[in-house]
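Questions regarding the structure given below will be posed in turn.
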Amino acid sequence: MSLELKNVGRTFADKQAVRDVSFTAKQGEIIGLLGTSGCGKSTILRAISGLDSEYDGEIAVNGKVTRDIQEEVGFIFQEPRLFPWLTVLDNVTFGLKGSKSEKEKLGKAYLENVGLNDSAHLFPKQLSGGMAQRVAIARALVTSPEILLLDEPFSALDAFTKMQLQDLLLNIWKTYQSTIVIVTHDIDEATYLCDRIIILRGQPGKIDKEIGISEPRPRARGSMLLADIKTEILESLGLNRTEVLVK
Amino acid sequence: MEKLESEVSSVLTKDYASKRKQQIKRSKNVENIVLGSIISIILLFVWEILSRLEVFPSYMLPAPSVVLGTIIGLGQDGSLWGHIGITTYRVLAGFVLGTAVAVVLGSFVGFYQKAEQLFDPMIQAFRSIPSLAWVPLFILWMGIGEPSKITMIGVGVFFPVYLNMVSGIFGVDRKLIEVGKINKLNSFQLVTRIILPASLPSFLTGLRSGLGLGWMFVVAAELMGASQGLGYLLVLGQNTLSPETILASIILFAVIGKLTDWILKIVEARALHWQDRLVKS
Amino acid sequence: SSNASTEGTPEKIRMDYAYYSPTSLVLKEKGWLEEEFEEEGIEIEWVLSQGSNKALEFLNSNSVDFGSSAGAAALISKANGAPIKNVYIYSKPEWTALVTMPDSDISSVKDLSGKKVAATIGTDPYIFLLRALSAEGIPAADVEIINMQHGDGANALTKGSVDAWAGLDPNMARVELESDASLFYRNVDFNTYGFLNVREDFAADYPEYVNRVIAAYEKAREWTIENPEEAAGILAKEASISMEVAQLTMERNDFSEAIPEMIHHDALIEAGKVLQAGEVIEANVDLEEITSELIEPSFAEETIGD
Amino acid sequence: MEKLESEVSSVLTKDYASKRKQQIKRSKNVENIVLGSIISIILLFVWEILSRLEVFPSYMLPAPSVVLGTIIGLGQDGSLWGHIGITTYRVLAGFVLGTAVAVVLGSFVGFYQKAEQLFDPMIQAFRSIPSLAWVPLFILWMGIGEPSKITMIGVGVFFPVYLNMVSGIFGVDRKLIEVGKINKLNSFQLVTRIILPASLPSFLTGLRSGLGLGWMFVVAAELMGASQGLGYLLVLGQNTLSPETILASIILFAVIGKLTDWILKIVEARALHWQDRLVKS
Amino acid sequence: MSLELKNVGRTFADKQAVRDVSFTAKQGEIIGLLGTSGCGKSTILRAISGLDSEYDGEIAVNGKVTRDIQEEVGFIFQEPRLFPWLTVLDNVTFGLKGSKSEKEKLGKAYLENVGLNDSAHLFPKQLSGGMAQRVAIARALVTSPEILLLDEPFSALDAFTKMQLQDLLLNIWKTYQSTIVIVTHDIDEATYLCDRIIILRGQPGKIDKEIGISEPRPRARGSMLLADIKTEILESLGLNRTEVLVK
């Protein structure tokens, strides 16, 4: 499914959070959103998902302009948002339909994928921060959505787990040809995953730069091209003059 | 061989540990009951002593032993079980009725703005009408049979359940509801799968409040031509100026009300085990 | 109505019984009504009235066919338009009197001025109090009347919260026996009799059955007169009161007159005047007229004759 | 010059915008009131019509116009304000009393395990004792003056406030309490600065429930020798078999109860504006 | 204040989460805790803070063994844990004592430090994820605690903000000579901030490796030494064979 944003903006009670955001994502494209804290990344994802319909501008899904919640959208929120009264497994299977045993089988498979097969019976209050985040990831991925909106999905994870899950995400993307918009603060992650990186800046946030990455997948995490792009991004964020930062 | 032994011993320890856990649990239960009764027992003692010393006149506040005698007397002539049984039945039936209506109406009002604007103001107004005031209206509408009594109790149960339900729904975290919306739940599913469980703590409080009110409304209900029941017993005691009967009915109300509440409390503890509560000091 | 009839026969007859009407208890206990109507397959349903106002509410809402109340209560209800008739007098009770505690300085109605007296507005004791005051020439305004339910009034009296109480049996008998309270003013004629009322509908549809119910009541009345001891026993058992209280209560009931007559008529008019003065009955009500409408002696006269 | 103009115009727009907001708010209020009264008005109409058609016998359920006439009559002879005033005063005094006790006891029980084990069982038992049953006891203990009436109402208010308070405290997120502990709050500060605000939604529901019960307990309270008040009016109506008086008192209960609840609802909305609620459809 | 952990372990309902952790932190030392998700890092911090007292082993603060909550401990939790009924400013000044105007002055200064001076009057529901995290950081730092326990404090922040706040942390450390234990998944962050890095591994987690960093501060973010240490850490996490990860 394709996505098209035209001049999207959002104002909360007199305060503009983000303005004039336009971009298109083709079916199967992975788009990265980067930007300083509070510049409106989550706001944009919420607008795309339809959870927030009070934005300005237009969003078209598969060419159709709409403000409703889309079928086949998966959303990994910035917080885990688990249901405290459900076990880990029930949280994962929450959005699934079908017979109980089928759901459980699928749920368990995804729990295995995120490395939580031992924790299926736990309640959210018994999880560590990263575990909770992984449950949320499994819950969103298990429905194999055609559009995936990810809001800093891996930020609470250690480097090792993070890489595993990035690859899990790419696997799913390959299988279902999902269109993905991912918000991240990790530039390595962005360069490893995305076809295009959109950098937002300012308050209210607006698009500052768009960087395309044409390197085919699977990408090597240490590749020179990605390193170059990282430098470009860091520069555009004003971050390569390291000395300045050291007081 | 060594390994085997250690395994056996570990199995034994585990067995022992789980047994000890059970013991601890049981002894904690006993402790709970003992602690919970201390104050009641002290009060009863003081009351008994003051009565014996005739500080309380017996024609107004007979000693607990006398009241107990009355209750035993009722038990012996067999009418006690009739009183308790019929009243408990009425309260439970009314409880089910009132709760059912409150859940349906509460979900609507909690979920749809329009439903709130339409229904809530009137319901809130009815909420402050005393039970006694309903009596003539119920007699008029429904006569004096069981349905009328049960409905009357249902009215009492309805209000706190409704109120807690609605406020519980209002308090549900938007974040969780959004998860449901993203998963394309329809309104009904949103209510049953997210809003109800999330507002469960408040709802259960409403149930307990409602049950209490059910017991209170029994008196008014049993003014409608009942010849059995705890409420009847109370009014009879007042009409025949028999403080033993009044106190006997009060104590029965307290004890049986407490028992039913205790059941709800257990349900509450089970249903809310997922809450991330602080362990109390 | 639930009495949908075939050939003028009710499906069932709904009677009330009340602890203030010993006759009704006897009748219920003995099962004479059931006996009487068994052959016709007419069911008898008994409903307990906890007070005159409840009995009248039941009558008005078509929940019972026959209801027992104090005469004054029936009058008030009638004045409000209730479709009832009084067809029988179940007793001439002395169920109310003025009560005080033994250590009080009140010994006559005259001592009441400036005192607190508990009474339940609109009921017989209240009427009794007002009539007693006016008979002794004390303006009602000189007495502070505290409105309380009968039982609460008794409690307030023993506790000392009020100086006197316009009492009602069996509460009155109980405080008399157990707290040595004294009845410092008694007057049988200021009581307004025990009325058995029937719904007008029922009386119009099934006059024959009204007569037969009255006949059964007569049987109970005669039995009560002949067996005072046992009747008191029935009262004690039903109302869960002690035998002494029951006996004292029974002693204050005079079961000799059963047909509504002029004397009842006059008593009601007197009560009605007091109630009108107390704004319980509206001033524009014609007491004569509603009293005549209420009291319908023809059934009892026909059944009992003399 | 141009800049100035644009500034002026922007100020104007802003002014206009805030005015429009106010207008919208006001018209929303009006809409709320209209919607909220629709059902009541329809019910009144149906009732009036059925009464006129004599479906409801006037000696049991007089028409609304007749009841209104009674209320107006009371207003004209001046006694209406006395009834309303004294009852409202009693309810509010009892409300304050019951709430205060419930807050203190509720905090203790919610916070200390031992306090819960000691007090909670007994309190729960008392909760199901009907208001009428308290009457003789209160007469015995406190006589028939105002204090006795106010305390009786306080008893009614106490229970729901206490219950909601305790369950609200139980439901407070451990995570927030830990923040307090790290900041070295003592128990009292924990209660006032974290537990109370966090359990505020439940507590406010308790307040509203309690206020409702306060209105209900008025009748029992005014059985204790009142010569004025809505409960007195109700009982008077029942004793004197006057349905107009009964209905007049019911309607007054409903209207004034609704008004007081409405005040609490506004307080609630103000106090809970921080809740992350879903905007309702 | 010095810290000493001796054989600290923690078991939750039959499941051991972490075991046998011992280390010492001198006054003014900055210790980094690294490890896979769910290996018990937060559990250790909670034990040190005294919020959890059911651990095995011993913890001594300034040489005194104790299980109580310590005076002068600041804790930045893994989640923001803001009080939803307080504004941003009131959240920040929550732990302060003294007159209202003083508290507000201090609170505003710290809000400025975390870049939120415009948002003082907002309620938590109006904040973005990173903003909420920054408020939590300001709340913990404003009390100038002698022991600072930080649980992934900067993970929700973009690279730029993150660097600023790392420097803010070092400033405070310099001023108050705080002893700091910081949990992080960001290896660059660990090497930039810490005197010593402790790597936990396994489930139940236990100490796998300790790496000291002697480079004096201010450190250069791009320095060779730090890059070497990073490689060492990555290796010890089994992460330098990048190829393996690319399926």
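Letters are used for the chains, namely A, B, C, D and E, taken in the order the chains are written, and counting of residues starts over at 1 for each.
The rule is simple: contacts are C-beta pairs under 8 Å (C-beta built on N, C-alpha and C of every residue); 3 or more make two chains touch, one makes a residue touch a chain.
Here's who's who by UniProt: A, E = Nitrate/sulfonate/bicarbonate ABC transporter ATP-binding protein; B, D = ABC transporter permease.
Keep in mind the model is a prediction, meaning the values are calculated, not measured.
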Touching chain D and also chain E, the following chains: none
Farthest-lying chain, centroid of Cα atoms versus that of chain A: C
Between chain D and chain A, distance of the C-alpha-averaged centres to the nearest whole Å: 47
Separation of chain A from chain E, taking each centre as the mean of its C-alpha atoms, in whole Å: 25
Rounded Å distance between chain B and chain C, as computed from the means of their C-alpha atoms: 39
Geometric centre distance via CA averages, chain C-chain A, whole Å: 82
For chain A, residues that touch 2 or more chains besides their own: 79, 125
For chain C, residues contacting two or more additional chains: 57, 61, 149, 151-152, 155, 159
Residues of chain B touching at least two other chains: 60, 135-136, 140, 174-175, 235, 238, 275-276
Chain-chain contacts as defined at top: A-B, A-E, B-C, B-D, C-D, D-E
Contacting residues of chain A [partner chain E, same complex]: 12, 34-38, 41-43, 78-79, 115, 126-131, 133-134, 151-152, 155-164, 167, 171, 185, 187, 218-222, 234, 237-239, 242-243, 245-247
Chain A partner contacts - residues on chain B that touch it in the complex: 175-176, 178-179, 181-184, 193-194, 197-198, 200, 273-276
Residues of chain E touching chain D in the complex: 49, 51, 69, 71, 73-75, 77, 79, 81, 83-86, 94-95, 123-125, 143
Chain D to chain B touching residues, read off their complex: 31-32, 35-40, 43, 56, 60-61, 111-114, 116-122, 124-133, 135-137, 140, 159-160, 163-164, 167-168, 170-175, 177-178, 201-202, 204-205, 208-209, 211-213, 215-219, 231, 234-235, 238, 243, 246, 249-250, 253-258, 260-262, 265, 268, 272, 275-278, 280-281
Contact set on chain B toward chain C in their complex: 57, 59-60, 135-136, 139-140, 143-144, 223, 225-227, 232, 235-242, 245
